[in-house]
Each structure stands twice: as C-alpha cells, then as structure tokens.
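Following this line, the structures themselves.
Two complexes, one shared chain (chain A), two partners (chain B, chain C).
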Partner chain A sequence: MEKISVKVCLGTTCFVMGSANLQELIDIVPAKYGDKVDVSGVPCLGLCATDWEFSKAPYVKVNNEVVKEATVEKVLNEIEKQLGKK
Partner chain B sequence: MFIDIDCSQVKKYNQNAFGDYFVSKRYPDEAKLIAVLSDGLGSGIKANILSCMTATMLLRFVENQQIPIRKAAEIVMNSLPVCKVRKISYSTFSIIDVNDEGNAKIIEEGNPEFIWIRDNEVMTPPFETIQSKTFKNRCMKSYKIRLQLGDRLIFCSDGVTQCGLGNGRLKLGLRREGLINLLQAKLQEEPDISSSELSAYIIRQAKNIETDRLPKDDISACVLYFREPRTSLVFTGPPFNQKKDAEYAKIFDEFKGKKAICGGTTANLISRELNRPITMDKEISIGKLPSCSYMDGVDLVTEGILTLTEAWEQLEEGNLDIDNAAGKLIKFLLDSDCINFMVGAKLNQAHYNPALPVEIEIRKNIIKKMAAVLQDKYFKKVSVQYM
Partner chain C sequence: MATNTPKQTSHLKREILVRLIKAYLSDNFEENTRLIPYDMRPKGSEVPYRCCIHQERAVLRDRVIAGLGLSIEDAEDSELLSSLAKKALERKEPEEHPLTVLHTACHGCVPSRIYVTDLCQGCVARPCESTCRFGAIKVEHGKSVIDPSKCKNCGMCAQVCPYQAIAKIIVPCENACPVGAITKDEDGLAHIDFEKCISCGKCVSACPFGAVHKKSQVIDILKAIKEGKKLVAMLAPAIMGQLPCTPKQLKQAIMKLGFSDVIEVAEGADITSANEAAEFKERMEKGDKFMTTSCCAAYNELVEKHLPEIKPFRSETKTPAYYTAELVKKEMPDAVTVFFSPCVAKRREAMQNPNIDFVLNFEELGAWFIAMNVQVADCDEADYRKESSAQARNFANTGGVAAAVNSLLEDDEKAQAYVVDGLNKQSIRDLKKFAKNGQCEFGNLIEVMACTGGCLGGSSTINAYKPALKQLTNYVNESPEIKTVVKK
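Then we have the complex of A and B:
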C-alpha cells in the first residue's frame, strides 16, 4: 500500500494562522499509524496566494486533498478517510 | 579588500559609564571607513561626555570631506580645553581614514601609538609630528601608510598599555611591548582571528592583568583587519515579474559565496527553477518560528517575514545566540562581511488579511531596517537589489 503523505504548510501566513500548533501531528501520527503515513512540514504550499480572497489558512495537504483551516482533528479525520478508502 | 573592524571596551571599576569612546562609520559610496577612538580625561560620566564629543566632532568634520583629516585633527588639538586640576587636555584621540585599497591616514594625539602588524611582525611607519600652535605641550603624529591584505592595525586607550600598573609582576604595567607579545602569540595561534575576537581577547587579557581583575582605568581596544571579504547572498521574496524567476534563480545559483533563502514561496521557486528538492526537519517550529529546510548548494533556508523580523529584532538588541531559525540567520549574516540582499517585490495578498498579526511587515521595510542595523551596528557592507 502506498504511503499517505501529509504536508503541513509552514509559510508565513499558515504559520501565524495556526500551523505552528500542528506539531502534535508530527508526534502522534507515527505512533498511531506507523509507517503508513508520513508527516512533514513544507516551506509553503502556495495556497494562500491563490486562495486569498477567502483565505482559509493554515493549509495541510493529505496526498492531493487540501485541508483548509487545518486542525489536528481535521487532518486526522482526512487521514482516516483516505485509509478507509484503501 | 575588506576592512574588518571592531572595538571592545570595559569600564573602570565602580563607574557606570565608559570614559573611552569609539565611533566608526563606513561610506560605501566612497569605499572607505573612518574610525575614531577617544579617551576622555578622568572616568565616568565626565570622561564619557568629553570623549564622546571629541570623537563625534572629529568624525563629523572629516566625513564628506568637509575638512581634511589633518586640519580637522589640528582644530581639535588646538581647541581642547585644559583641565584645571591636571593641567592637561580634556581628551586624547586617534583617528583613521582608510579606503578599500588600503591607503590609510592616521592621526593620533595623546593615545598610545597604534600597532601595525604584517606577517606577525610589527612595522614601524614613518610619521610627521605636528606641534600645536596654542599649547606647547601638545603635538600629534600624522601617518600615511599603505596597507596590504592580511595587515592588522591595533588602536588602544592607555587603559590597555597601563593595565596592571604597580602590581607585583608588572611594575610599569603591560606597556606596548607586553601588548605586542600578547598579540603575536595570539596571532601565531590563530592567524585568521576576526577583529571582534581579537579585540575581546585584548580586553580580557588586560582585565586579567589588573589586580583583583578590577580595571583602574577605562580599557578599549580597536582592531582593524584587512582581508578578502566573505560574501553572502540572501534571496528573499519572489520577483515582481514572474517571467524573470529563471533569470534570478540563475544569478543566485552562480553567486560565489554563502547563500541563504528566506521565504517559503522563494524556496519553492528556486527549487523549481534549479530542479533541486527541498527537505525539512521533523519539526514544525522551534522557538515560535518555523523550522529550517534544506537544499543542496544553499547554506540556509528559512521562512521569510517572521524569521527576518525576529532576526532584525535580536540584532538590534544584541542577543545573538538564539536557538531557532532567526539565530541561524543571524550567525549566517554575522559570519559575512559583504551581504547582498536580492529582494523580490511581489506582494502576497494573504499577508494583508486583517486576521494576521500586525507584526507581519512589508518585506521591503524589514530589509531596509535589517540593512541599516547590519551596516551601522555590525559594520557590514550591505547592498540591496530589488527584483
């Protein structure tokens, strides 16, 4: 099975809008899902600049799915959803 | 040639102000630097005012070539008042005006003679003595010297040469000879030591020689070191015209020196144009800032505005040892002599979201402030190019 990749945007906007609080993901995801899911930060997903009129930072990408206004809970739900599909 | 200059000082014990005053300014347009070290008579606030006035007045006279250095020094020498108690002039000074080619004019009045070291040997430059027209006991020495790569000049107040005066081991203090021995031993050990480290070393040694490590006078040491500049480039922000991304990425790639990228979008842009992947730590943040990422051929990759702002604040306050991305950026900047900023002028509309903290600065502003502090407080040569 292919790994699910979770990318947390660490661009300026996302960071101040809440991605700073997503460290928990990096701590709990490997414990929960082992090597099925890979979490890392990325310098910027570039979404705030394209989506700015209704800015929903912070953004997290779970494979190709964008999680807007991401929280730990939302991201975990998305991971569950994608794991369930497979 | 780059002139690495720094000055370290300690106060006389029990005093709350420095009685020696050091001021230095770079003039990037004229490719030169002027520095003045003045020692005010006595100590504490009084000496501080005297030395500060002497040093800043001299600098003002000489800058913009308003008055030739020799004339300016003469004016000061002839007009310094005499202390009623001690019957000597209110302050002493050394002034140096040096350009990037190594042509230096130096004038000293009352301060210990400067030390010129080349290949760890002390040079003895010729000088001209200029007698004061108004005071018989005053004269100054004027030097015109030509410096080479690797040369060092050491200026100090008499607090250095007279430290330890009267204690058992050094009845006459450290003196010039003692200082030269210290310098030669240190330079033998560390031939490439920076001016800030060498000046701090002199001060530390002088303090150690004093009885009970209590300085009996203000102690200052100013070091100039002529060397090849260490250059660096900071690329921050995407270019205004996206069509030019490739062109600027190429300039960045071909730059010879250390390189940093500040900005997530910017890092992606360089990664895309140069086809180099970015990797990140397994950390989201360290000390309230996003953590760094890594790219081949780039020495430092950080987030943009937040990291730059934090680095600027800490540089202003002088807290240089911090464990986060801003700390790494500070180290990167301070380890360079000539810093080039390539600043992308493209705006990110999302930064204008009112929900964001007001601390989110406009990139151009923060770079302007950063350039100012690096130039004025840390004596760096800074150039800023907008793209």
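Then we have the complex of A and C:
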C-alpha cells in the first residue's frame, strides 16, 4: 500500500491565514496513523498566488487532493477518506 | 493551554486587512475600499455566517471601518466606505482608544445567569436548594426553579448538582474582561467603558462573533511610507516566534515593505534588565519586601486605573519599547518609529510616548506581507545592527523578564521570582492583597504579564503558542549571555 503524503503549506500566506495552527498535525498524524501517512510542513505550494485565492488559505495537500481553508479536522477527514478508499 | 486557538474570526479580520492594504496600494484606494464587502460576498455567493448576503456585507463594511483605524460606533450608517477611507487618509494621528465594538456583529448574547436545564431530575437530595445562601432555588413541580430576583449568579448550585443539570451561562467578553470594562447595556449589546479598559485585548480574543475590533494604524503607516518618510521598525521580542523564517530573513522581509531600518526592541530590553536589576537591589537594601516588573503595558494601565496602591512597589524602570524608541530618536531625529506589537495594550503606551509614532501588530504585518506578496522564507538574511542578549530576547516568554533581572544579580542578592502568568480577576485580587499587606509570601520579584504565556500569548499574534515558543527559544539559545552584553 502506498503511503499517503500530507503537505502542510507553511508559505507566508498560509501561515498567516492559519497554517500556524496546523503545525500540530505534524505531531498528531504520525501518532494516529503511524507509517501509513507521511506528514510534513512544506514551503509555499503556490496555490495562493493566483487572483484572490489567498482568502481560501491555508492550503494542505493530501496526496493530490487540495484542502482549502484547512483545519485539523478537515485534513484528518480527508486522510480517513483516502485510507478508506484503498 | 488555551492560547491562540484557531478561529474563523481571525481569518476574516486578516482577510479584510489584506484587502485593505491591497486597496491602498492600488490606483484607487477609496473606491476599492468601498468594494471590499462586495468583493468578499459577490452576487450569488454563499452566506456563511449571517441571515442574508446584505447583512454579511453590512458586517464586513463595519469590520473595514476598524481596519481603517476609525471607531465603528462613531461612523454613520449612511456613510460610504470610500468617504471613510478618505477620512482615514486625512487624519493627522491615530484615534485615542485602540478598541471598537461592532454592534452589527455583536450577537447580544443572553445575559449572564444561572440556568436550570431539562436534565434536572428533581432529586431527593436537592443539594442545590441547601447550598444556596440566598434562598434563590426551590423545587417546584419536580424541577428546580431559580428566582431571578434573589439569585446572585454565584454558581454554587451548578457546582453541587449531581447531574450537572445547572449551567452557568456567560457572556464571553464580560467573562474574559479582568476589570469589568465591557458590559452588555439595556440594548443587549456590548459597550466598552474606556475609563476602566486596560487594553489587554482579552475581549477581542473571547468574542465568538468577532465583534470587538482593534483600530488599525496600517493606513497611517502606509501613508508615511508613500510620503517618503524614513520609517524605522522596532520589533518586539515576541516577533521572533511568529513567522516561518529566520530572524535575519524577517529583517529583509520588513525592509521590502519600505522600512529604512529594522531594530530589535531587545536592545531596549537589555537596558530595562540592567536598570531593573539595579533598582531591585536598591529597593531590597532599603528594606522593601517586593517589587513588581513594569514592562507590560496592560499591567501598567491596570495600575493607573484600578490598582494605585501597588504603584510604590512597581519598578520605576521604563519598558524596552521606551528605551529603544529613545535610542532611535536620538540617533535619527527625522525617523518615524513604528513599534511591531503582539498586543493591543502597546498602542496605549505608544500614544503616551512621543518617541513612538505608530504601532503595527503582528496580524497586520502578516496581512501586509500577503498583500505585497513577500515570501518571508525566500528573503535573504540581513544582520541586525546590535547583537542583543539571550535574556533580552526572551522577554516575550513568561518568566523571561524576572529571569533577565536575576541573571544580572550576584548570588547573594538573587531575587525569588513570582510570575503572574496572565491577568484575570483572581490574579488582580492577589496583587491587591500584596499591595495592602506590603509583602508577597511567594517571592520578592513579581513579574506581571497580562497575557498567559507572556507576549507570545498576545491577542495579535499569528503563530500558535507552542511552535512560537520553540522558534523563539532557538533564537534565544544562539544569542549571547546578558553579562557579556550589559557591562556594569
């Protein structure tokens, strides 16, 4: 089974708009899913740059799925969804 | 710790600041400001929070007024944002009180009271009845009933109910305010009494509707830059844990916004530490039983307005912001000084200090970076003009000020520190008691921080408390010892 990759955007926009509070995912996710999921804080994913998309920040990528206005709950739900599919 | 939990209200307030700064930087500030509520809720868009799109826009309009640095209470409903934007541009100095309440967002929460829920079993033991000292609660028709004319809201019945069937309903802003300065009036809406308010900002964080706003000075600062003035950024120590970059990259990032120099307020914190250590020694030799610190602006306002009896025990030493601004103005008399702040209270301090021209809080700084598309992690590193001490840079952390003072005292003169980690009704009662008795049984150096966690827990911070502390601590650990920086 392929590992799920979770990328928490820590670019300036996402950080200011709320990913500062998503840093706890970096502790929570490994504790919950062990080696099934890889999680890391990453530099700007470039999703905020177009138009007024900053207002939908913070962004988190769970594999290729983009979670907008991400919260810890939303990200965990997306992980569950993808784990269930496999 | 409950500091800095993520909130949709912060997201909303920051989005407005970004749009406002973008509007300022555009070719038509006034018109683009007027359009902000419509851009955020265009025709046919979702209505996430309010009853209809019109109310959404009305509330957003009022939030923009606070962003312009104006009082929401004073603005006429009929006035267009474009005309208010013009007023913001024309004012010579920022408004006096840093907070404003948005009545269209204030939910008018039900008044604070004790409420018996349906979970009441009408039990035989009836501890609620027997514990009430006011005879306000009786069982009628198999359920406990409260007589509001007798109830004093003490909450004892709620505490003893074996079914947890009695709830204490609170008004979050009233409950958070340590000095009773914000209350619901007859109209059910919250009002701030500025005679009592100590600008601690706890109501701003507490309101679930985001109805209490800080009046921003960002327009005044942008204007000063546009006029070609020489702006000097003075960074409160707490900032070093706030953004995803190194302290040296942060300097470069702030230069990109148009500042001509960036200075750490830790420079002033080294002076505060030295003066406060000398003062502590002198006071103890004189026979004083304790001394309190004096660098937290909300605490200082508390002393002025509610705790004059503790004044003789408060250090006469000035704040790090004071010394830093004094240095900057002496070296560069033409500089416009901007203090970068984690909290609301420093705005009040700045207003009373002619050496500090403006205050920009961390949320506003973050919004500015977004508006100008500055990627802090991609900036080059720039050195600060002076290497401040580890202890000075740790002022932002609870216990940090007392520790800095102590590290400058000899072994036989060391202070026993007692840290007030956050002002609330209880800690204020404690301080009153210390002042009355002329002594404090827990220590002889009382460090007072209005916010839990110190400045890192300030109401205008961006980063969550734990990662902020980690980031700041890394910086502190690579900084020199205070004894090598402060020479006797």
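Criterion: the second predicted complex is superposed on the first by the 83 of 86 C-alpha atoms of A that agree within 3 Å, B and C clash if a C-alpha of one lies under 4 Å from a C-alpha of the other, contacts with A are read in each partner's own complex, and residues count from 1 in each chain.
Basically, a residue touches a chain if its C-beta (ideal position, glycine included) is under 8 Å from a C-beta of that chain, and two chains touch if they have at least 3 such contacts.
Nothing here was measured: the structure is a model prediction, and the numbers come from that model.
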| said: Tell me the contact category for A:Ser55 with respect to chain B and chain C: first, second, both or neither. | reply: both
| Touching A:Phe15, do we find chain B (first), chain C (second), both, or neither? | both
| task | Have a look at where A:Gln23 lands relative to chain B and chain C in the superposition and call it first, second, both or neither. | result | both
| query | First (chain B), second (chain C), both or neither: which does A:Gly46 touch? | reply | first
| message | For A:Thr71, using the defined touch cut-off, is the partner it touches chain B, chain C, both, or neither? Pick first, second, both or neither. | response | second
| field | Interface residues of chain A shared between complexes with chain B and chain C | value | 10-13, 15-17, 20, 23, 41, 43-44, 48-49, 52, 55
| remark: Listed in rising order, the residues of chain B that touch chain A in the complex are 263-265, 267-268, 278, 280-285, 288, 290-291, 293, 301, 303-306, 348-351, 353, 355-357, 360
| note | Residue set of chain A touching chain C in the complex reads 10-13, 15-18, 20-21, 23-24, 41, 43-44, 48-49, 52, 54-55, 69, 71-72
| query | Hey, which residues of chain C end up touching chain A in the complex? | reply | 4-6, 10-11, 14-15, 18, 39-40, 243-244, 363, 366-367, 369-370, 373-377, 462-464, 466-468
| Partner chain B, residues of chain A touching it in the complex | 8-13, 15-17, 19-20, 22-23, 25-26, 40-44, 46, 48-49, 51-52, 55, 57
